[in-house]
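So, here's a batch of structures to check.
In the two complexes below, subunit A is the common chain; its partner is subunit B in one and subunit C in the other.
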Partner chain A sequence: MAATAPCGSGAEETGSEAAAGKPGGTSFQRKGPRAGGLDRGGSRLVSIAGTRPSVRNGQLLVSTGLPALDQLLGGGLAVGTVLLIEEDKYDIYSPLLFKYFLAEGIISGHTLLVASAKEDPADILQELPAPLLDNHCKKEFDEDSCNDKTPESNIEMKIAWRYQLLPKMQAGPVSSSRFGHYYDVSKRIPQELIEASKWYGFFLPEKLSSSLPAEPCYLTHGYLKLLQFIQSIIYEDGFDGTNPQKKQKNILRIGIQNLGSPLWGDDICCTENCDNNHNLTKFLYVLRGLLRNSLSACIITVPSHLIQNKAVIARVANLSDTVVGLESFMGSEKETNPLYKDYHGLIHIRKIPRLNNLTGDISDVKDLAFKLKRKLFTIELELKKERKDFIMPSVTPSE
Partner chain B sequence: KRRPSPSAFSRAVCPPVALPDSVQWEGRSLLKALIKNAALRGDQVHVLGCEVSEEEFREGFEPDVNSRLVYHDLFKDPLNWSKTGEALPGGPLGALRALCGRTQPGPVTIALDSLSWLLFHLPCTTLCQLLHALSHQNACPDGSSPVERVHVLGLIHEELHGPGPVGALSSLAQAEVTLSGMLDQTSAHIVNRRLRQRPTQQTQWFSILPDFSLHLHRVPAREPRPCPPTTQVDPTAHLTFNLHLSKKEKEAKDSLTLPFQFSSEKQQALLRPGPGQSTSQIFYEPDAYDDLDQEDPDDDLDI
Partner chain C sequence: MFPELNDLLNTTPDKVEQGKLTLLCDAQTDGSFLLHHFLSFYLRANCKVCFVALTQSFSHYSIVAQKLGVSLTTARERGQLVVLEGLKSSVDVFFRAQEEPHPLQFLRKASAGDLQPLYEFVQEALKPVDGEEAAWRCPVLLMDDLSVLLSLGVGAVAVLDLVHYCRATVCCKLKGNLVALVHDSGGAEDEESNTLLNGLSHQSHLILRVEGLATGFCRDVHGQLTILRRTLSQPTVQGERRLTYQYKIQDKNVSFFARGMSPAVL
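On to the complex of A and B.
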């Protein structure tokens, strides 16, 4: 797996190896790579900008652009894996997560590959959120939280006063600017950052119009073109290690929007039992092979609420490594439910990968809700407030 | 008494508007009203007619509206059997592609009557891609002309299709107008999905006059009564023990001093440790039973 290639087994300085190597064998284990171990493997553990090894299993991780989501996924997204976002019904919030991912790539200096059938990738890049620098972060947070402070939240706790200052879910701004940044959704990313970055765009209508009408093949024409495009970029830019001139390793961040929608030529959203039910699953299978062999991470948004066949949804989730589902309250009966009045939707972490492990890093928290504030997208524990409609089972009197 | 709600799927305008309708609430008159609106606004209107004949469609429009209406007829001879050369070349696919490749300047409105007919003759994915291309044909190859407004209106009969195609088409639409109503009044439930903003929903009652102008109503007099609020069950009602506190008991509870409840200065000092506090501090707060004797007890030792 490519994820372990740069930090091969010999260079895993975390944990037990360090302890066993020392004379006198202490059981204290240091988490994190040792600075001294860098020279041992030559260029194998050269640290790539914007990545860090996981504290649990040393897997190389990249940030998804949203530190709260990184925390829920166990530190970040592993290099060589796919993050699948199941879109919400009106496709309001999934483009946000998509843009956070791409913006994080630009800030970290990674190469981007943006594929879409609906919008031109250049337009998508123009709309990325602006990064918040560290010294402005705290100010933005305080301002944001002050704006929607309700009277109830101002009540100081009488008994549990020590917990007053603890944040609800996500940590504050990270002090080091190397992994996980904060973004201001109300502002656009500065133009010079986009121009300084390297990116490739794949806009399906352009690619299809220039080609001849396709003869039927094993995969939808659009998917085939996209896979060929990704493969060519990986090969030319040396993300799979074939190009020996590459001295500075970098990560390729791939973003594919609305995969499976009819605009890609796939009709799983239109009919339940079609002949080409397997196009999307074949695409994901081949994509996963490409990713595992290269230093890349991919985010895909899929309109799973439109897919008619439930089996296809299950297969698509199985073929992806990490699956996050967004459910917005807009238009559903939950919009008027008093439990949910502070939030805009629920976020479901459906699957976390088990990479080189026997167990995945599944958090115990299942009730997560998100809220899009003016500048920030926050994920919080959904606090179950006092339920006024609590129905008690009938109690018979004691006599 | 509520009728089953139909959905008129009107695709609107750039991005498309979908007008779903059903057997009970006919959507074509709303489509014609919107077309008339567009024509009077100065747009050039192209109509791809598939379900009714041209004469029937043009009926009821004023002459100036009719002059701005360019009718592409797919009703008379959709499969080009008569071979007179009158039919549109390429069938429905060719007609749509021709509309996509239109290069005339000026704002334009394209009305598709109906999307249901097109869905039966074209694969759904092709139709979605063509509709997307129709509404996004702003970019010219040379980039010289400014961005033109293209409005696409589509009528779809929701009952004829399963949830799949309707859902797929509505995900492309910027506004979706569902027709329903009560007795003899029609309402339109509009979901407006502007780009990059939260969608809005609203319900608008309207009626269409014989000359196809749109008359918007306020909320009609007879509205269905809202269902009465369900009574809330009080869980403390039938217990064998007392959960309520009297006023005196509440006061006593509030004034009780809790064991780890410190004074507010001590709380603040513990919550926010100061910069120079590397060593721990000792806070002494005398209890009610503490005996504060200021004398040094070692004074009387004889050393």
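On to the complex of A and C.
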């Protein structure tokens, strides 16, 4: 239940309750001592690994896996919200952002829920990037640096020899107290980390094979099954606070890939005026309802360039909290534009949520480009060189 | 509520006009700050408010209202405020079939939905209770927002019918007010949205239209507000009045100024 300090006139109680107490509330929390001096559930909630409260309004944030993107989104992704990624044309870079998000979840010890109609979630998890550990992340940024091994100390331990028998590799979260880690996309995540983490997979062909729908339903079957699956996980694992006996609160990270594509059974990408082009929007609405009442954050990638009906794209964006669009230069005329030669594409922050506030965290920087280096995905301010023939991309007035 | 907006609209919580339909419309930007204004304004004016909150959770509105000096939870406990939380109820309706009709029952229908249960909910919430006739001033219905209904599969005509029924009950019969927020998609692409917007603009007494600046993003001026007031009762020469201001949203207030007169520029 979100609670704020009373501003003098309100007579609300001041303690910050954990989501278990109040059924109608969300999990937005404000950190810090209250005016009334009570801090019953707040400190416990803030101490979930891999989260931190926002400096602006005390909401709980999780990292998207890319510290640069976290900064552009105002510190991170708020718990209980949806991050929508509009895929680039050939779906090369959006899976990267998807994997960063999931990898961050594994490192922070969060529970994962991976849903896809194209790939088996187990395969997706195998391809996650490896984390760069603390003493290496500074060195790894240099492309020319050539070290990539932990200096194995084979020196025998003389005094604490019993500890030598313990396994050297940590099986648990590597550095769970940090917010935001760096990853090396050229390497795979160690198998031990995947095995140590808790994850649920939803692979559409498996889930649909059992029952073949005969009658038309109020929502596409794929979406309906996915919503039921998400709801059951949230309920059983206690992310919505219905089970206060759960010892340690945790975040559920949900990742849904290629939502809206024909593989999910939705035909908004195939025809312009299909009869029920509100399946995706209905799904998003109910999903957001589920998220608002639980400790979870969701990333969804949507092939919006395939959606024929432009009205649906606008509605989908309106129903999501944060919208980021990727535009890759591959195959477009921008590839040969000398202005863009250093970059692989543009990244557009289309929407930032206003949560518990009149304004949102809008960054001043609007022209952002991304580049996939050998090991790292970077987002940079697009340098404006002299632009004689350069046509400014249309900037939508933001809120 | 924002004192500057009250001045611009020439209202105060003490003298509240009755029987009016106010349309809040935003294009390419977020006009929800207007809704927060009207919510706190009518609660301060001691009106009975029915709030159909379809876009955000109750705690979001509650926290913002507290910044504006009004406590939604207290109002709810006193009976002054009735809230339909769209996000929370949609989950209930969607996963469990309800026995009695639920306002959001249309979520379970495959074809175009029926908004009658929603209308009955509003009617039930705002009908005058015998014991407390003199307690509240006039009933007010706030809807945030109607474009969500379009996204959920309801047709534009059904939404217009709902507004018509609500207007007949709230504005004409109960002499109250209706405030609705609609998104303008800003193009010819979304026909349903255009139908809804045109239909509502035609019947509204007051239209507050919010749009981003044509020149792009600016840190000091967040957008432009156009106030269109229609005086339907007295057909004078000056049938319509349109005023345009620019605004900047701050943490607890929104400041309005004439176009080009932003304090940052002067």
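Keep in mind that, in the parts below, the second predicted complex is superposed on the first by the 303 of 399 C-alpha atoms of A that agree within 3 Å, B and C clash if a C-alpha of one lies under 4 Å from a C-alpha of the other, contacts with A are read in each partner's own complex, and residues count from 1 in each chain.
One rule holds for everything that comes next: a residue touches a chain if its C-beta (ideal position, glycine included) is under 8 Å from a C-beta of that chain, and two chains touch if they have at least 3 such contacts.
Keep in mind that what you see is a predicted model, and the values were worked out from it rather than measured.
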Of subunit B and subunit C, which one touches more residues of subunit A? C
Under the stated touch criterion, which partner chain does A:Leu263 make contact with: subunit B (first), subunit C (second), both, or neither? first
Of the two partner chains, subunit B (first) and subunit C (second), which one does A:Ala196 touch, if any: first, second, both, or neither? neither
Touch test for A:Leu381: subunit B only (first), subunit C only (second), both, or neither? neither
Figure out whether A:Leu133 sits in contact with subunit B (first) or subunit C (second), or with both, or with neither. neither
Please work out whether A:Asn357 is in contact with subunit B alone, subunit C alone, both, or neither, and reply first, second, both or neither. second
Taking the superposition as given, does A:Ala122 touch the first partner, subunit B, the second, subunit C, both, or neither? neither
In the overlay, answer first, second, both or neither for which of subunit B and subunit C A:Lys282 touches. second
Those residues of subunit A which subunit B touches in one complex and subunit C touches in the other: 395, 397-398
Residue numbers of subunit A touching subunit C in their complex, please. 1-2, 4, 6-7, 9-12, 24-26, 28, 57, 216-218, 227-228, 231, 276, 278, 281-282, 285-286, 288-290, 292-293, 309-311, 314-315, 318-319, 354-360, 362, 364, 366, 395-399
Touching residues (chain side subunit B, partner subunit A) in the complex: 123-125, 128-129, 132-133, 162-165, 167-168, 171-172, 191, 193, 196, 198-199, 201, 230, 232-233, 235, 238-240, 258, 260-261, 267, 270-272
Can you check the complex and tell me which residues of subunit A touch subunit B? 90-92, 117-118, 127, 158-159, 161-162, 164-165, 205, 261-263, 265-267, 269-272, 303, 305-306, 308, 330-331, 388-392, 394-395, 397-398
Which subunit C residues qualify as touching subunit A in the complex? 28-30, 32-33, 36, 56-60, 62-64, 66-67, 69, 71, 73-74, 85-88, 90-91, 94-95, 107-111, 147-148, 150-153, 183, 185, 187, 189-193, 211-217, 219, 222-223, 249-252, 254
